[in-house]
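We just call them A, B and C in the order they show up, numbering each chain from 1.
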Amino acid sequence: MSAHPQLDSQGRLQHLLTIDGLPASIITQILDTAQHFKETGADSKKLPLLAGKSVFNLFFEPSTRTRTTFEIAAKRLSADVINLNVAASSQSKGETLLDTVDNLSAMSADMFVVRHAESGAAHMIARHVAAGIHVVNAGDGRHAHPTQALLDMFTIRHFKGSFQNLRVAIIGDVLHSRVARSQIHALTTLKVPEVRVIAPKTLIPKDVENMGVHVYHDMQKGLKDVDVVMALRLQNERMNGALLPSREEFFKYYGLTPEKLAVARSDAIVMHPGPMNRGVEIDSAVADGPQSVILSQVTFGIFVRMAVMAILAENT
Amino acid sequence: MSAHPQLDSQGRLQHLLTIDGLPASIITQILDTAQHFKETGADSKKLPLLAGKSVFNLFFEPSTRTRTTFEIAAKRLSADVINLNVAASSQSKGETLLDTVDNLSAMSADMFVVRHAESGAAHMIARHVAAGIHVVNAGDGRHAHPTQALLDMFTIRHFKGSFQNLRVAIIGDVLHSRVARSQIHALTTLKVPEVRVIAPKTLIPKDVENMGVHVYHDMQKGLKDVDVVMALRLQNERMNGALLPSREEFFKYYGLTPEKLAVARSDAIVMHPGPMNRGVEIDSAVADGPQSVILSQVTFGIFVRMAVMAILAENT
Amino acid sequence: MSAHPQLDSQGRLQHLLTIDGLPASIITQILDTAQHFKETGADSKKLPLLAGKSVFNLFFEPSTRTRTTFEIAAKRLSADVINLNVAASSQSKGETLLDTVDNLSAMSADMFVVRHAESGAAHMIARHVAAGIHVVNAGDGRHAHPTQALLDMFTIRHFKGSFQNLRVAIIGDVLHSRVARSQIHALTTLKVPEVRVIAPKTLIPKDVENMGVHVYHDMQKGLKDVDVVMALRLQNERMNGALLPSREEFFKYYGLTPEKLAVARSDAIVMHPGPMNRGVEIDSAVADGPQSVILSQVTFGIFVRMAVMAILAENT
């Protein structure tokens, strides 16, 4: 095995597990391939690149949105898609995760798209599967959500042209967010000059400055002159205990309103990974406003997931 | 937007939301297209009319039957079909209906098939989506179920040749039935000379005579000399409080038995939208008897749904 | 109808319901067809044999594994696959099993793959459907699981060359196992000279010796010199009351460990239908050991299910 768990000995992508340590050249390859699909997609949606391949959506956590985007992306590439909500069946019969994966692999799976509440689940599966089977991490615990970060990078490049000279701010529940961790790794790998995180102290991981970001606790200062504003979903369901006084108080101090956004650059774009809690981390006036590119993120997400799958299939 | 919420400025169908106000010419176009699919279907089930299109089955209420017929119809037209049981995921994360629709639209949805417990949900979505995205109402609250009414009209035309000179009786829980409302609109639009509803007073809407129907509370009188008998499902799950004494008593007075059916014309056909409550609104001797065309309705339903989708895709 | 419920008057397979009474020639036809798919599968996974056909996975019991193998097999043959978890919808609306089947048949179903907790459910459906519609039993109560037995036979033939001169032992909960019943019928039909069952007295059906097997209660004696060891899943969920002292005690006496396996022939293969209860009926050292062919069973299961479906479609 290569030194890097996602790459083979020639440095080609074999699994997409995390942005942490992924070379900038691979990220750029994914974005360029997605751009190609975007440009050609309007004429002919269906491409034969995964014809005859079986893609298993292995979701141990429910997610309409992410599961659907992978399903659409795989079908556009002509793959057979099998959706497995694993909580409902084998797990309840006491089969272990790796036995489930072994069995699905024996059914000639070509690719697993995995979402799991435990950090590291996709890595464990990737280490376990035979050569030629690819694993895409669709979110594992608080750890990583690499395709979300990649589609965010695609969105930034689309609207800002490049990653040079940008100031980017990530706002909200960084502590519990696999999205934020993946975004930070992507932004720093792509050499974005200034990456900021803005949140109350209780929602900032202790070591976050080691990741190359600047920490702000005040929206006025943190949003000053930024080019890109990335709101995070407030992960209510992940909170253990009372890290926050209330949703109302969070909105008052950290909710993205037109007033707070006004200190950013006038051409700043606003992003959100969805689903949004309107009136909590973002005001509807911003979510639906002229600077919002939130729905473009969703559209681009299809192209980015197509690109990841096409590159993995090419590297078999 | 056109004056009619379902039609564009040239009068072409853009959404199928309700039969109320739908021109007879459009209904006839749908029935004729379905007839074409029926006649050619035996030779080659799969047609390329929706190849590369994405159809989203957006079901906020569970329905094996209706969801499956739309899924089959879309697959016969070579569409990619994505089934979304929305109750299970995004809604529980607090995303609004229109945010869900926006997100799915951003994934390049071409068509939404929507079932929702709230009357008007499909209309709301149709008003909201971008041009070129089509909405089919697969049942909204007590309001409308237009594809059911269209397949019923197809069935009547198939067995009776035309809509002229017909007496049609609709029996049962008209008050809670979106099927009945859509059937009445279809029958009157197609100029069926006599449309009757038969039910106890508690299950008849107050304004029903304004819809052009004759009200009967007695089966003997209501079924006298009719050509078409349309039983309704007793919507147990929709009843609030005790509008009915008991299922047994309902069957005694309004259950369709061979004895009650005997006063209809001897060549009268019997229809039911399914699923049937045998021994409540219909006796098995009638449901499985020689006058029943209930399973033909199901078969025709595939062709009618194919026709609706094909026409909508053509009108993009 | 033919004397045999699965065959037509020319002796061709119309349904696959049970191995009991299935001629050896049909079993061999299925295994040979699966072998053909196995040999050609590597080059081109997708075959057009069921193009335009609709296969309904009608699962009244949940089963990720079996449902998925049928879904993959059908998609490899280019069928349209409709998954129906029937517990969730129509049944709760009070529709009967046969009404559900009638309705799905009316939607132009070509094949039903049925799993049901009641023994005989697939037979009942097969008797009911119109000519040209095929039924595959994917497990009914304690009665039969024919495709599992067929893939087991494929596996034995693959690794042992033929069924001549073999000693085969089936270990565990024979009483509650539809898999064991189907395996015994297959092995005796194929003239395997010696078939043994090994289990505590409480887990052996009273009439099992009439099926042509030898009963052992001791692993040391029962495994002596066998060529094939078939472990059964301990069907916890099917046990009513306390037939067993404990899982630990079962493992002590009947769990398949390397020590117990040592008395079998040194080239004996070890099989399990999955999902495994590691540390109950099988030790991980055996499950993952050099004699295990458990994952090959899964792979071969795809080819065997493709073969069954292809033969049924051919016999329309």
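Just so it is clear, a residue touches a chain if its C-beta (ideal position, glycine included) is under 8 Å from a C-beta of that chain, and two chains touch if they have at least 3 such contacts.
Here the structure is a predicted model, which means the values were calculated and not measured.
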Same-residue or different-residue interface between chain A and chain C, half as cut-off: different
Angle (degrees, nearest 5) of the CA superposition of chain B onto chain C: 120
Length of the line joining the C-alpha centres of chain A and chain C, rounded to whole Å: 41
Shared interface positions of chain B, touching two or more other chains: none
Chain A residues within the chain C interface of the complex: 51-54, 80, 82, 84, 86, 88-90, 93-96, 99-100, 102-108
Residues of chain B that touch chain C when the two form their complex: 41, 44-46, 62-65, 68-69, 71-72, 75-76, 237, 274-278, 295-299, 301-302
